[in-house]
Every structure is written in C-alpha cells, then in structure tokens.
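Next come the structures, one after another.
Heads up, the next two complexes both have subunit A, just with different partners, subunit B and then subunit C.
Then we have the complex of A and B:
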C-alpha cells in the first residue's frame, strides 16, 4: 500500500474493520449477482449485462462526484438537476443550430456556474449544504425550464454521430464503462495524491482544525461543488448519448437518492473525512445489480423505490452506528 | 452546631487516571452562603457538579440530610431541591424569557397572557430588569444570567449552586444579585457560589472553601480569611514539583527583538475590550488570565480564527503592516500560527496518521511541486519533527488517536511549526499532557524563542507562566491590565492583578 494512502493508512484494527465493511457490501453484491443469475431468466444475457453495466456506469460517475463532496463533509442534492439541465441545454442548442463545440462549452459553463453558486452559498453565505443544494436544485430546474429548454424530452440531433459514439464500444467494452473507469481513476489520483485532495479529507475530518491549520476551506468548498457539477455534466452527456434523448424530468426523480445510496452503501461516511473511490465502485456494483434484478422481476416502480429507500435507510443507520458522529463531551467551564 | 445539610466525605472524581477532584471533604449548612474559590482547573465546578448530579463521583460519599445520595442526572437533584446555575446558560435561545422561566411546566392549553403576567410579577419581585416578552437570543450575557438565576429561584430550590454568577454582570446587576442572595439566605436557602472575585466572596459569604489542584486547601468561616490569605492558599504549591521549581530572574530573560505584532484597542463583543499590547521576536511572552478574561478570544482574533468588527475592532500590526484576517489561511501564510487549547476539536485530524497530520500543515505553506503530495517529503518532515519533539510512536503511520495526550499535542505543535511561523501562539500548550511531555514541550517553546521567533504562551497555570516567560502579561475583563518582568513577578502578584 502506498504510504500516502489517506483513508487506508489507519491502524490495524480499524483497517480490518473497514475492509470488512467494504467486503460485506461486495459479498452481498456477489450473492445478489449469483442469485439473480440462477433465478432470473435473462439476467445473464449479454444484452442485459451490457445494459446493467451501462446504467451502473452513469450512477457510478455521479457517485464519484457525490463521494468527493461527501468526503469533504458536504452533500450535493442538486447534482442530478445540474446534470439534466446542462445537458438538455447543450442538446437544445445543437438542435437550434449552434455548433457542437460551443454547445458543449456552454453546457459545461452552465454546470460550472451552478457549481460556483452552490459553493459560494455553502462556503461564504454558510448555508448548510443540504438546504443550499436542495433549494438550488429547484432554482436550476425552474430557471432551465423557463429560459433554456422548452420541452421535457429533447432528442439528439440526427447529425450528431460523435455524440452517439460516446456510448459505443471499444474492443467490445461499452464506452460508458470506460468513461466510468476514467473518471474513477482521475478522482482516485486527485483524492489520494494531490495537495487539494488531502485538503478535502482534512476538511471532512475536522473542519475547524483544517481552518486553523491554514487550509483555505472556503475556496476548497467551492472547488468541491465545482467538481461535482462538472462531473454531473459529463455523466449527463453520456446518458444523452446512451438514450439518444435527454429527459429533464429525471431531475424530479429519486435518482439523487440512488447516488447517495451508492456513496453511503460503499462505506463513505456521511460525517466526512473517510472513504475513497473504491467505496463508490463497490456501492455502485451492489445498487446496479439490485436495480437491474428488480427491473427484470418486473417489480413496479413503487416497490422498487420502497426497496431502495429501505436499503438507503439501513445503510445510513449502519453508517451512524459504525461511524458515530463526534461525541465530544462538551467540557465547558473548568473541571 | 447543627448537622450539615450536604456533607461530602472523601469525594474524588477521576477522568482517565487524572484526578479533577481528589479526596475532598465539604459541608454545606442550611441557610449559609458558601463561597468556593480556586484557580482555573482547581476542581470547583467538578465538585459542585457532583452535588447537582451533572457528573457522578468516582469515590467517597455525599449525604443530604444524613441520607446518602447518588444522583444520576440533574433532574433527580432538582427533585430533592438542589439546583445549579451554569456558567454557560442552558436557556432555549428562540423562546421568550417567560417561556424559558416556565419551561417544562406548560399546560396543555397554555394561556400565554397569564404566563407573561406571572413572569413579569415574578421578575420584578426579584428586582430583575428583564422583559418577559423578549426572546432570549436578543438578551446580553448578563440578562441571560439573570433569567437563569430567576429560574432556579422559581423552582424553590433548597440549595442553589452558582457557577461564576457575577462574571458577566454589571456593577448594578451585581448589587441586585447580592441583595437577592441575601433574601434567599433569609428564606433558609443554602447557596454555593463559585467565584474568581475575592472581594465578593469576602463580602457576601458565611464560609469559604478553597481548592487547589483538585484538593481541599482550606475551609473555614469567612471572618478567618483575608484577601492575602486566600490568594496564598489559592496559589501556594509544594515546591517539590521540580518542573516548575526554577524561578527566572530578569538577567535570564531574553531581550526583546524587533516588534513583531502590535495590538491596539482590539475589541470584539463583550469578550475583548480595548486590548492593547505588543509581542517581540526572540521572546516568550506569557499571557495569564482567568476564564472570561478574553485571552483565547484575543489570540483567535490575531490568528484570524475569529473576525473582529471592521469599524470598532481596533488595529493589528504584524511586521509593521496593518492586517485584518478573515480566515486563518492568510494569517498562516503570513507566519502566524495558533496552537489550540482544544486539540481534539481544533487541533488534529483524527482519521489520519501522525505523518499525515504533520504533513497537512507542511503542504499549506509549502505547496509540493505540481500540487502532488510527496511520500518522501512526508516521511522526511515527519522524521524531522518526530526527532525534534520526541514524538513517541511505534510507527509514523499509526493513527493519531492511538497516541497519548502528550504525543498528540506534540503532533499538533509539529503540524504548526512545519509552517515556518514568525509568531506562534500556544493556547494552554500543556493541558491534559503528562509531566514528561510538559518538560519537552517547554523545551520546544524555549527553543523557538532562542531561534528568534516571537512566542505567545497563554496559560491559566501560574507556574507554567513563570517558568516560561521572558515577559508576563495579565489579562482581565477583555484586556491586558498589567505587565511584569520575570524578576518582579510572583504568583501572588499575578493572581492579584488577574482578579481585581
């Protein structure tokens, strides 16, 4: 193991515990996979596995973005809305005759502005992240629907072959999986090896200590939300390519909870400062298999939501038991 | 003489092997006003908290009316008529004064008008000038304290414990408070009050008990004490404690280097008021003050941890340049580091290793090439500082939470010193640290001054101030009120300046 591993360089006892937690999730994923393979006809079909992996890739990319924010003790509930609106605008612009390069740049710019605004609200106005992003999610949706796109469902332009190619295959591997791997690798390197990645762990671990140590916590907070919004745009473009449409109603779906589910289930504590990309990958695997299996089982959307909600709740409960928030005995006055 | 109402016999309170209160006997008689005196950390609050059920004793017995009691929480104590008024108020900020007074007694249909009228009458009967309609969050510290006191009085407690009741009151309010105590006494209520103000204790108490380092020093009728004998009891220490034995002379003190920092009329809220002083390179400046004297707040403003008012905040000049830090980041980059008094809350990163903690400080001021953290630099920095500070750990990749308090403190100090500071502020550098580590930390502090760095040491432990400082400042009521050279300073003089 690299000596500068941040989360994994813990003492032996805790390291064993962490491995256990991660491997339990991994084990459950394997069990589900095996179970579905045996019990569900069609689960092991090449087509199904392909679509499973593709769907999971989007969730995984978003999960990595969310993971970066959560490690810094934040949360980004506006992520899916940002994804839908920035992508929809890009596609709408292309349909309206704007060149692909400028359309993509404008969409990316929109996502960046959203990330900066959220970061500003959280870091400088000091609104709790959960409220700032929840409110911003509504604002982005309303603004986008009003000013940027006038349809709920936007189809890709006929001539945008390059866009469709985003979800093609490379050496038999679906490209979304490769994008997921690329984002995961970049995030891994960022969190683990860079100075700013270290800062994010420090802020999630102990924000006040990070501040006093001289870490520029406010700009770093903005950076987190900027990164998450930009990654959301990337995930949006891949989704658009995959489905050949952009459906902005996804902003009002429960997708953002799936993303949180992936993060928490993988073992990134919501109290921040721990975990990494590996946790997101493991969480993604389990959720992907679960969602796909339930779809094949033809569970109604409602039942699926119920199951997901229950799993999320259990994951958060387990998280709060395994990683209790700081129970500082408030020693006020003198002893 | 009657038997005491509350009697403590051989009571101790132990926190992980450290005694906050050790084998103390304490008696409280019916209708008496009993002052509890001692330095910060002498165990006054802990002693009273054990009576009020806030904390539980480790050893000994406490009896009430001759019956052994063992309160598990404050509610049980309250049921038996023992109330405690805290230093930090326990009011609900978003509710009004009246609602706070009657908290927990609301009827199903609360007639608010009646509540306010009753509250108004009650408050005026106590001569407390507080508006029952006011929301508690809008009140000043003193008024909050009054509400808190009123609540205890209203509960008809037989024993009321006040923890520093007058620290935040104005002279006029103090006057009312003392007359209130007098009336309570006439009603037969027993009162324990913890105070730093010796004059008050002498004026209003019937008996005085003095604690030092968790042990009982003296307990007798007030008439038998005078100010000098109290101060002597509060600070008198056995000189066998070698670590703090050495008394510095003026000749040993380092001469001041260039002025590094000047603080002019610094103000913030009610905690820091028109504070002015200077710090010089190559010197250890000791800052002594009791709780509430604004010393930590002043330090935090200097280091940018707290932001001062832009209009009335006064001026800070660092290296001759006027500065106003909004965040510690700028201060750290300029060379001011603050080592917190609370290492767990503001010092270290508990999920990181020793090496990662130290390196975190390093990369703030010394960004690695290309922004890529370097494993070899981390190792080098950690080795260097572990050697300089004698950090003892099996391996540098052990998590910091596995270390002893002293070693944790050394890591926190190392984290700040890798930032190449020009001014280091240590806030209680040896709190909760074992004796061996204290000596090593003191050596580091001296070494910093020898190498030309300006050092400010805040401590409420007088011997520490005396053994370290080339210059001693005493803070009281939000400002530095007195300066001593090491030769002229004695514990008595410092304490005298701090309490008057």
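Then we have the complex of A and C:
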C-alpha cells in the first residue's frame, strides 16, 4: 500500500505520491507474505496466520505503549522491567496467599507508581527521558529483587485458572490477539479522538509551542509514562497467563530494543509528533511474518538474526533516501 | 600429704577440663584432623547469579556446612554478568581465600583466571559447567549424558518401530552456550544411530519461554504428525508446553526436558505438562559439593595436583515412576544436614 498524501494543508491541489517508511515496511511485509504464501505450504492456513499474530501480540501491545510515549517525544526504556517486576510481584503475592483481586491491584498500583515516578523525573526534574528511564529500569529491577521477589522464575499458583483463561480462545481466536486488538483500538481512539491524545502529538511536534498554546505539558508527560507502565502490566499479565510462569530475567534481555524496533520500523520517528497506532501494527506484523516464515523454514538462530537486522537496515536506508533530512530534523535532531 | 592431695586434685581438674574440651571429639585417628582442616578456613562461592534455584541450593548446603564445621563462607554475586564475575575473581585472587567454588558462565571466560588462582595457591572447585581449565575438583552434571537421556526418551516414545510417527522437534537455548552445544552433540549422536527419527525443527529460543512459545506454536501447526518436543531447559520449555496445550495436543505431543528437579518440575510431570524429565538433582549436587569441600581441604595437596570429578547421577522422572522424593523444595534443603 502506498499512502496518498493530499497535502491539502499546503493548499496544493495536486495529490502527491509519498513514500513513507510505513508504506515501505508495509510493502516489504507484503512481499514476504506473498513469498512465504507461495513457497511455504501451510503458511497461509488460517491457523498459522492466527498464531503468527498471537506470537507478536505481546510485542505489539508493548509497541503501542512505547509508540504513545515516542509520539510525545519521549522513550520508555524501563517498560520491560516494569512489566516483569509488577507481574512477578502479583504472581508472588498470589503464591503467598494474597487474594487474586488485591494481588492484581497491588501489581497494577506498583506499575502506576513506577509510571508516575518516571513521569515526574522527566516532566518536573527535567531529566532527559532516555537517562531517566534507563536509570529507573535499574532501580525498579534492584528494588524488585530486594523487596518484592527473590527468584528469577515464578510459577503461577496451581489454582489460578482465571489467570490461565486470559490466554485462552474466543470463537477460535487466541485471546492474546484480541487483547492486542483491544489495546490497539483503545490507543487509536485515545490518540485520535480525545483532546489529551491530540495534545501528545502537539507536544511531540513542538514542546515549546505546545506549552505557549496552553497545553499542560508537564502533567501530560506524566500521563504518558503512566499509560505506558499500565499497558506494560497488562502485557505482563497476558504473558504470565500464556506461559504459566514469569521470568524476571526478561528485564535484562534485549526485549526493549525489539519493542523500539517495531515502533521505529513502523515509521514512528524518534523525534516525535508523527505516526500512530497503525504504524506499530504494520511494524509488528512485519516482524511476525518474518519470524513465522523463518521458523517454518527452520533457519538457524544466527541466520534469523542476520535477516532481521538486514530488513531493518533496508527499511532505514530506503526511508533516508525517500525522506531526506530536512530543516526541521536538522534543528531538533534525532533522539 | 596435703601437697600430694592438692597436686592430685589439680591433675584431676586438668584432666577433667581437658576431657571436657574434647568431649565432642573422640580421637579415632581422623576426626580431630578432619575438624582442624575446616576450622577458620575461608570459602568463597562465585555463582552465575543468586536468583535461581541451583546456586541457592548449593549456597544453602555450604552455609549449613560452614556453621557445622566452623569455616567462613561468603558469596560474590555477579548477577549474570561474566565481566563482573571475572572482576570478582581477580579481586579474590589477591584476597587469597582457602577455597573458591566457581560456577562458570562458559568454558572459556574464567579459564585463565582459574589457572592463575591455582598458581596463587588457592584451591578451586568448579560446579555444573567445567571450564577448559581443570582445577582441584569438578562437581556437577555431564551435559553430554543429559542429551543422551533426553534423546533416548524421545526415541523410545516416537520410534516408528513402536508405532510412533518418528517426527520430533528440538528447542535449543543459545547454540553458543557450552551446555547447549554439548547436550546437542549427544542428541545428534543418538539420532545418527536412529535414522528412522526425523528432526522436523531445531530452533533456538535464547532460553526465553516467550520465544519458545512462538516457535513451538508455529512448528506444531506445520507438523501435525509431530510426536515429541525435546527442550533443553525446563523454564524455557514452559513456552513449548503452553504451545502444546493451546493446540489441544497434550496427549499427542510428548515434551522431554531437563532441570534441577525442584518441586514445580514434579508438579508439571504430574499434570502431564512434561512427559519426561531429566533431573540433575541440585539437592544431591549440594551434598556432592559439600563433600568435595571437605575432601579438598582435608587432602591439603598443592592446588591442582590431583584433580577429580564427581559427575551428578542423573535421574529420569516420568509420571509413573515419580516418587514423593523425586523433587525437592527449598524447605527440604534448608532443613537437611550438610
């Protein structure tokens, strides 16, 4: 799909064909999808397509949270740690005999506090988001290990059937896919139709201008990190439900880079103010198609990493040719 | 006379006092030396990290033993970083403890430092993964044996000679990890002798259950005849188990995994999540390790003079052979003598 930018705002009458990174990535995804469909028997099965989406739905949910932060010109490197620690604490509490409702509320509360603290550091103490969240990630992990959970791997209690049901099926569709769709829709509605959602774009585009216009820039920044932390908790609970375990070592893995990858790959620029939920979905789908196809092909670990890296590189190169740096990016700089 | 009585009394008191001082010690020719060898020694444990079951069990065993025998026991936790571990090891070499217990992240990274420690007069016991450098003792699993057991379980369950489809899949961790590589070479050796078994997928999930789930759910859909999954670590294989459960194939696809034999493993065997489990019994390893400590300190040889190994006896656990003591809990370990 190529996006048709009508450029009405500029007052030009002629529609202009614009190559955006999103359309490039979508094109790459389509090419791979078509290629795998022809070459790999079984790829196009409804079952396989559903599992393809399911396998990236956690990544997609986190990607949407990251997308909201990045659009507002921030970044949340603590997201995966927040996810791991808040979920691990919830499950550990349940194992210790706390009722499920209070355990979930406490976990959610922990995630909310983390989001508020990060937001406060970025908005009021004015620490750059990349450093604030990087440092907070270590703090959350250390605090969690010290005070909340003492094991890397925590197993779901045997009687938590309701939690397992979170990753069951509904009308033949795996629930994680539905959660992904629900989070995507909610985020879409928030960004598109609410005033606060529009504020996020304004802040990402030009923070000073947004401030002068009267947008409550600082509270809005706090809200962004609060949202991303809460979504991270949701993603964590779905993962826990799916795998029947929580492994907090994920906090020290490279998962947060995978999340940034789907955001950037989909075309949400790290300089903020651009993109939307659709970009995250496109980026997530490309990764899903690649992983699924390479798994069916039984490619080795090293080759898979190479292919992923190469695809990302191609997308970035094509983007920088199609959308060269302009005055604005030169002034603001990338992150 | 009075003086004699006095002297006799004094002598009695002295004998009594001396007798009391050694009351717990009957000299059978070894016991006093045994206790003497351990008393006041400094033993330091360098794990991969203290946040998972294996090092916790071993450390608990050593702690209990240290309290009994009066040696000084401490832990340096590098929390999964081999750089931090190498730094700790370098510092330890200059601190000169009497004995180091080292859990290697791989075969190379500490090798040179271990040799240096031995040259500096420090005794070294390695646990659960042997470095290329050989030191006073190695206590732990022989990963090749784990692979043999797992491969045989899969063949037993899936061989077409016994009515199986002969199709199996393998879930690896990180191919460059030595325990992964050694286990895989055993599996490949067994499979080479059994050409009727076909490996339809051999993928890596980086020890991550989420990735394992993604891979397994795809593989299961692509291979409706799949008979068994062989996974290389129980925690990662929780993802494979979830994929099998989702596909509604808990009875059709067997899952064979390995691990240290903590209670959740037996729960998973009991509820059918794992069809077969190769346990290297971390609880037993703790006893092997504490025995090795006693042995190395008593023998008092030059560091590295007479290296020896205690390979962990492996235990295959199935649902029908499972016993109450097949797995252990941290409580069992905390209350056990070492």
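Criterion: the second predicted complex is superposed on the first by the 250 of 335 C-alpha atoms of A that agree within 3 Å, B and C clash if a C-alpha of one lies under 4 Å from a C-alpha of the other, contacts with A are read in each partner's own complex, and residues count from 1 in each chain.
Heads up, the rule we're going with is that contacts are C-beta pairs under 8 Å (C-beta built on N, C-alpha and C of every residue); 3 or more make two chains touch, one makes a residue touch a chain.
None of the values given here were measured: they were computed from a predicted structure.
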{"item": "Partner chain in contact with A:208 - subunit B first, subunit C second, else both or neither", "value": "first"}
{"item": "Which superposed partner A:313 touches (first subunit B, second subunit C, both, neither)", "value": "neither"}
{"item": "First (subunit B), second (subunit C), both or neither touched by A:174", "value": "second"}
{"item": "Touched partner set for A:274, first subunit B, second subunit C, both or neither", "value": "first"}
{"item": "Interface residues, subunit A side, partner subunit C - complex", "value": "42, 45, 47-48, 51-52, 54-56, 58, 145, 150-153, 155, 158, 167, 169, 174, 239, 242-245, 247-250, 252-253, 291-292, 295-296, 298, 300-302"}
{"item": "Partner subunit A, residues of subunit B touching it in the complex", "value": "15, 20, 40-46, 86-88, 163-164, 291, 303, 305, 327-329, 331-333, 337-338, 340, 344-353, 355-356, 359-361, 363-365, 367-368, 371-375, 378-379, 397-399, 402, 415-416, 419"}
{"item": "In the complex with subunit B, residue positions of subunit A that touch it", "value": "2-4, 6-7, 9-11, 14, 193-198, 201-202, 205-206, 208-218, 273-274, 328, 332-335"}
{"item": "Contacting residues of subunit C [partner subunit A, same complex]", "value": "49, 51-53, 80, 172, 174-175, 200-204, 206, 208-210, 213-215, 217-219, 221-222, 235, 238-239, 241-242, 246, 264, 267"}
